[in-house]
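Heads up, there are several structures right after this.
In what comes next, chain A is part of two complexes: it sits with chain B in the first one and with chain C in the second one.
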Partner chain A sequence: MDQPAPPLIALRGITKAFPGVIANDDISLDIQRGQVHCLLGENGAGKSTLISILAGLQSPDSGRIELDGETVRIGSPKAAMDLGIGVVHQHSTLVPALTVIENLMLGERGLLQNRARAIARLDELSGLLGARIDPDAHASDLGLGQQQQVEIAKAMWTGTRLLILDEPTSMLTPQAIDSLAESVERLTAEGLGIVFITHKLREAYTMGDCVTVLRAGRNVGHISTERMAELSEQEAQRTILTAMFGDDLAAAGGLEEAAELAGATEAERETEAVDFATRPVRLALRGVSTAGSTLDAVVHDIDLEIHAGEILGIAGIDGHGQTALAEVVAGQRPAASGAVTLDDVDVTGLGVRGRQTRGLRYVTDDRLHEGTVGSLSVALNLMLKRIGQAPFWRFGQIDREAVDTEAMNLIAEYGIRTPSSATRAGTLSGGNIQKILLARELGGGANVVVVNKPTYGLDLKTVRLVHDLLAEFAAGGGSVLLISTELDELVELSHRIGVISRGRILGVVVNDGPTTAEKVGELMIGGDHDGE
Partner chain B sequence: MASERSGRVRGIVETVVRSVLPVVLALIAGGIILAALGKNPFVFYGAIVENGIGGTNWEDSLVMMAPLLLIAVGLIVVFRGQLWNLGSAGQYLLAAVVVTGIGPWALKTLPAALAYLLLAVAGAATAAVWTLVPAWLKARFGTNEIITTLVMSTIGAGLTNILIENVFQDPELNTPQTSEIPIADMLPFIPGTQVHVGFVVAIVVAIVFQVILSRTSFGLRLDVFGASPKAARHVGISSKRMIVLLFVISGGLIGLGAAMDMMGEWGYLRSNWNPHYGDAMIPFVFLARLSPVGSIPFVAFYAVFATGGTIASQQTGLSVDFLSVIVALILIFMTITEYVGTKRRLGQSYLPDELKNTVRIPFARLASRSAA
Partner chain C sequence: MIDLLSPAFLITFIVGCLVGTVPLMLAALGETIGEQSGVLNLGIEGMMLVGGYAGYVATLSSGSSWLGMLVGALAGAALSLVIVVLNVWLGLNQIVLGIAVTLAGGGITSVLYDQLYSKTAPRADTGGALKIPGLSDIPVIGPSLFSQPGFFWVTVALVVGVGFFLRRTNWGLSIRAAGQKPASLDAAGGSVMRTRSQAALLGGAFAGLGGAYLAVFATGAFTPFMTNGLGYVAIIVTMLARGRVLWVALVSLLYGVTVALGTVLQLTSLDIPTDVIGMLPYLAVMIVLVVFARSVYISPALGAPYTRGAR
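Showing the complex of A and B:
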């Protein structure tokens, strides 16, 4: 009876349904000790739900989880921690005002804090991760890569058997990705199991020992460790892509296009070059600061210029003043000091509507609650920023026919998939809601558009469409301020990339060669105040 | 096309069912309670209909509708913006005391039409001003308007008493009340009836606001603001201005209701009198889906119910408070109907998950223990 050792964690027939959607449909997979198990899939494929189940945030409707061959119930995040399952979430969970060691000790349950023991544990973990972490540095002073190391240390604080990394690389610089890969290697050498979630093919290939692909809530393809070792990178990619897209592969534009969408290759700029000397400055910010109570609501002393036909990218970790920057340009947030000029006209004193009629538009990142009103029709949502304007409103009264005609035009032009123009916007998919926003903001005399995280949470086909729309808009002479947390997206579209951190622009890199990502990375590290 | 139409018809049917069903269920439940109390519910409800509609009693019901409908529209406007003006009682009373306080003088010295206009404006303005404090606190600091309007309502009621006793007291009477507007000077009747023209004013206001809310840019802005203040800010609607505007309109309509009621029906105000019209209207404006014209039948229902019910309860030997029991039952059944309707729309089970878990978990635990 020489049975192989049971896997570290085995999922058996996990099913989880939400109203109207089956997020996980009979998913089974094994996670082995000492291996990196990559979980690939598009947005909405069910990755996040599966992680929530492993992290004890949600319970499956059916199916079971086995840990070392024994069935376990993960009823709460605490239960997950007790079982040795640590999760590094996509969003930062560190308290910025606390030091590293204080952040790490947050999860301790004892009555008194045992600082000495905590420092010892941090030393141990630092050695394991191969990173030097200053226990007394404030979390807000850490660079991105370091923050992530602390997040991993936090996830492993109580002695982890399984570590889950949820899309850890989207805003990491190439340098930080390398050091993350090193850390992951050390951890697997210690016998940890690691689940690595990503939607980028090349990471899955370089970091993963085996790969599972999810599509529409189902496990649609698994490449075992042995197979993975046999396959060349190209063969592995083809296998994964076929699983990821299935019958949609043709619709996504063939294998090559799909490979690019899925981040199989290094990103490089795809928009046409712009000669800044001959292009007039469209939008300029001079010494603009805002007041606010959260990190994301404050920018300091911003100086930026965007030329006609230019896409200016803004890179940075989420929540470092991107919202404030977008809103102060759009007119939603007053500038505490400084000036915003549009075509050399000072618009600092104008509100949203004044700037909107002058062609300054804003595609917000909160497309469900800010960009649209779910209870109103698609047609009205398309007209939301033109309420009261002729010819759609006359003497304050709505001309429903005019509104409907305009809406039908936009629906056709932007390919918004909706049963009718009277359908409530809230019932549409995320991709179609984003199309409503783009149709509303890019159409009808737009000159400058601020775009905040335009592809967050969208499926790859819509991502492609959004990128094409923005590139087209710029090619037609429009200016784009593209704020994103996806470095690949910024490199692909932007002519220049600025780096924002803690509300300040640390510098602007011209995107003119294969080293842009590295340069952006240097800016991020250079701005880390602790001189590392 | 056909399916779209049948879908729309189904939608209308469902709306009507959802609006009327709670009232029907409340009447049935009220009937059961009556039977339990040893009264014949059919006699009681019959007496309500007879005293609320029969003979010329329908005229009394219409007279009562005038302030009720104006207050209902005042609540609808502000509720649509997801702002909760729960201080209608204080706003009503302050407007009423100003109208009855200056009414006798105004009607004596000014031409009647001008005096009515002045009093209507004075009533509306008084109540509107009384909403400014909660509105400003909400707009400036985000202070919860439920609390501030309730507090201001209590203060308003107290201030009304002070004004009656110290400023507008009828010198010829010992009881604390204002001087009476002479019957001859009160609002004229609609020809051929005993219903004052305040009823017409209320109906016209309801129709005007129906058009404003459903067809104008202001109505759409208000809907955007009510659905999501974040979206409102995004499209350039100033939330501060909107909050103050909605409260002022709401207060203004409630004050107008008070003016019509005082000039058309009462003619004077006594100390410590408070009809709580607004509180009674709250469930009905929700049943009407916050539609001004849609609220007319509900307001009519309540007016008949209140007019006839007061006499009916005396006849059957019930407390007048039994009417509040029925209103409360309507609220309860409205909540249940909404809950079931929402669950049905989402295709979910009608029982709450929590309830099912409470039942299921102990059994599951027991089962796993016995299995181990």
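Showing the complex of A and C:
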């Protein structure tokens, strides 16, 4: 008999270390033709590094890569492309100012652009992807789902054997995820191998033919195609979760909690119901607009009300005015028109400090640059918004003892893992820096807090902690304006969800049942059509 | 006082316009290519001076203004190697480098000129104008527009050529992507380093051409620091034009018009101090900048060195 055909791509003992961390530790795996190979793991598990190695952006310290049984070296993105490896990166690689067809032609050889051939190729790929895309539209004008179709078309531009999708669903609407799944099915039918990276369990099960789990840079579990077919969804999840969390399973709060964190099930609201009729309106925006030069810096005519004890979610594609909305509420950006009221008092004319003393706080999404000063101590970062205030400052002099005592209290209360209160904040992990921000903003008389993408890039345990903190804050009567691009997070926490697109609130959905995500998705898609 | 609409007056005006426009247009074209690729060339003033000096010397010694222009372009490109190596390859700060190149270019050329030519101050022979048969007989525009040096028409061709190059070639597409989002070009299999190096060299060559045109054709001689800030004006023109070559041409022309206005105002018997007249072009640039400041646009990746994998 013939030998069984070698896998499309085989990784053998791939190891890659960065200063202070081993990102990939002796990883081996096989990827077969015509299959979707799911790569699952938390943030920091080493998925991105592995993809960078396959894409030619990094070279492994040791180990080898075999393509159809032959050892290959992938020294540059160009080499990866020549080998037929196409990558759809997590962060868009489309150039916003260029048109779709220009983005697709980028990197082609020859002096003159061959537009006619490019358009023919786009037509061919459109058929395969099941999407029609206007070749002369600017990439910045496309909806996120369409942008992703263009990204896939770009990855497949030169005829791909292996397609790598890095967290492709993280910002898609439920509808767009369905159409992505259809495209993936068509591609595997053509014989392509697909690597599908995700941190959501239910996607791994529904999309994947086989699953590999990474934890701390190691391959800690593999479910083969045959096993995957045998296992029920629950059994598969149990196996994957055990691998994903390992000994930390208990710390994550047991199997069920872990399953929820890893997105095993459809998200549903976990916060207590709020009867809006009996609750006073805390924060209100009436016809608020801002002026700015980028899409993210502009909102138009925003009307919102947040009641005491309510979490109001804001969903939308990243960069559609979320920053402007957060900043105009926090007082960091002036309103060109309209009014912001806090407990029925007009605060439109107040700056950050004035609003802060009235209990309005802001947790920025730019936690490293805007949120903290990396070269200052943890203690000072915790005090950053109270500089000059008694009892920590007296007659312009800092009272180090008072600052340290307060800092130690907050460090203990919020479980910030730091060697001491004098440690420079910049040396802490992203999760601990986020805890510093939350400790600073949620404590000390806060009653309304604006949080922008509070769990972006954090590991699942910290995500859970952040969710718990926000839910607790609301349960205690605080109001939260929760801006996020993770629909699951919004559905879990919010009482109502508003959808923002191009700086306008398109509608607000009451989060009271299993259809919330679809309703939000419909609003988002509606917004896309408006813009075309 | 001469009649404001007499043919002699109009001819002087149009010639003055073109003399003021062309060096700026060439330099701004070069700056556009560089900035589209993400390289902010603040050394353009120095490159123009070096190009002007080299072009002048080459014209002087060979007697051919064409060879002078070629040498000017090569000199500009050679000086831009500093930017290529230190900034594009090694990631040094573009602003510091640009200022250094400007200072070095001005210093080197004035020292050389003072040592070699300041006693005699010879004039370069430009070989006269290229009279277009037929068209040059038209009144007013015949002796002005159609009696320009041959290189004037090369410049017109270069404007069209650069516009086509940036929009319609894969090379131009790579250059634009390198300035907008270098990581995308890298991921698409292009080379950010190579693309930016080429763009910076081309930009230097155009700056050299601009300087050489100024020395060889506009004045027929080199004088130390003769560009008088024209390189900085080119940077402003580039930022206003946002990569649109037609705008580069139009804004440069506007500058040329104000220069020519200054010249003709001196010919009239109006009692305007020459200092005020000399201010006019810069005043015009400042007014344009104030009016259009909101639409001044800088490529997102302009000035940022690219390192693969860095976030």
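Structure notes:
Operating definition for what follows: the second predicted complex is superposed on the first by the 517 of 532 C-alpha atoms of A that agree within 3 Å, B and C clash if a C-alpha of one lies under 4 Å from a C-alpha of the other, contacts with A are read in each partner's own complex, and residues count from 1 in each chain.
By definition in this document, contacts are C-beta pairs under 8 Å (C-beta built on N, C-alpha and C of every residue); 3 or more make two chains touch, one makes a residue touch a chain.
Keep in mind that what you see is a predicted model, and the values were worked out from it rather than measured.
After superposition on chain A, the partners chain B and chain C are accommodated together without colliding. When the two complexes are laid over each other on chain A, the CA centres of chain B and chain C sit 50 degrees apart as seen from the CA centre of chain A, to the nearest 10. Of the two partner chains, neither chain B nor chain C is touched by A:A5. When both complexes are overlaid on chain A, the residue A:V345 reaches neither chain B nor chain C. Judged by the touch definition given at the top, the superposed model places A:V373 against chain B, while chain C stays out of reach. Of the two partner chains, neither chain B nor chain C is touched by A:A277.
After overlaying the two complexes on the shared chain, residue contacts for A:K78 are found with chain C alone; chain B is out of touch. Of the two partner chains, chain C is the only one touched by A:E102; chain B is not.
Think of it this way: put the two complexes on top of each other by chain A, and the tightest Cα contact between chain B and chain C is 8 Å.
Counting contacts by the rule stated earlier, no residue of chain A appears in both its interface with chain B and its interface with chain C. The touching residues of chain A, when paired with chain C in their complex, are 52, 55, 57-58, 76-78, 81, 87, 89, 93-98, 102-103, 105-113, 154, 293.
Those residues of chain C whose C-beta lies close enough to touch chain A in the complex are 168-171, 173-174, 176-177, 180-181, 183-190, 294, 308-309. Those residues of chain A lying in contact with chain B across their complex are 19-20, 331-332, 351-353, 356, 362, 364, 366, 369-376, 380, 384-385, 387-388, 393, 396-398, 420.
Those residues of chain B whose C-beta lies close enough to touch chain A in the complex are 4, 215-218, 220-221, 223-224, 227-228, 230-231, 233-236, 238, 346-348.
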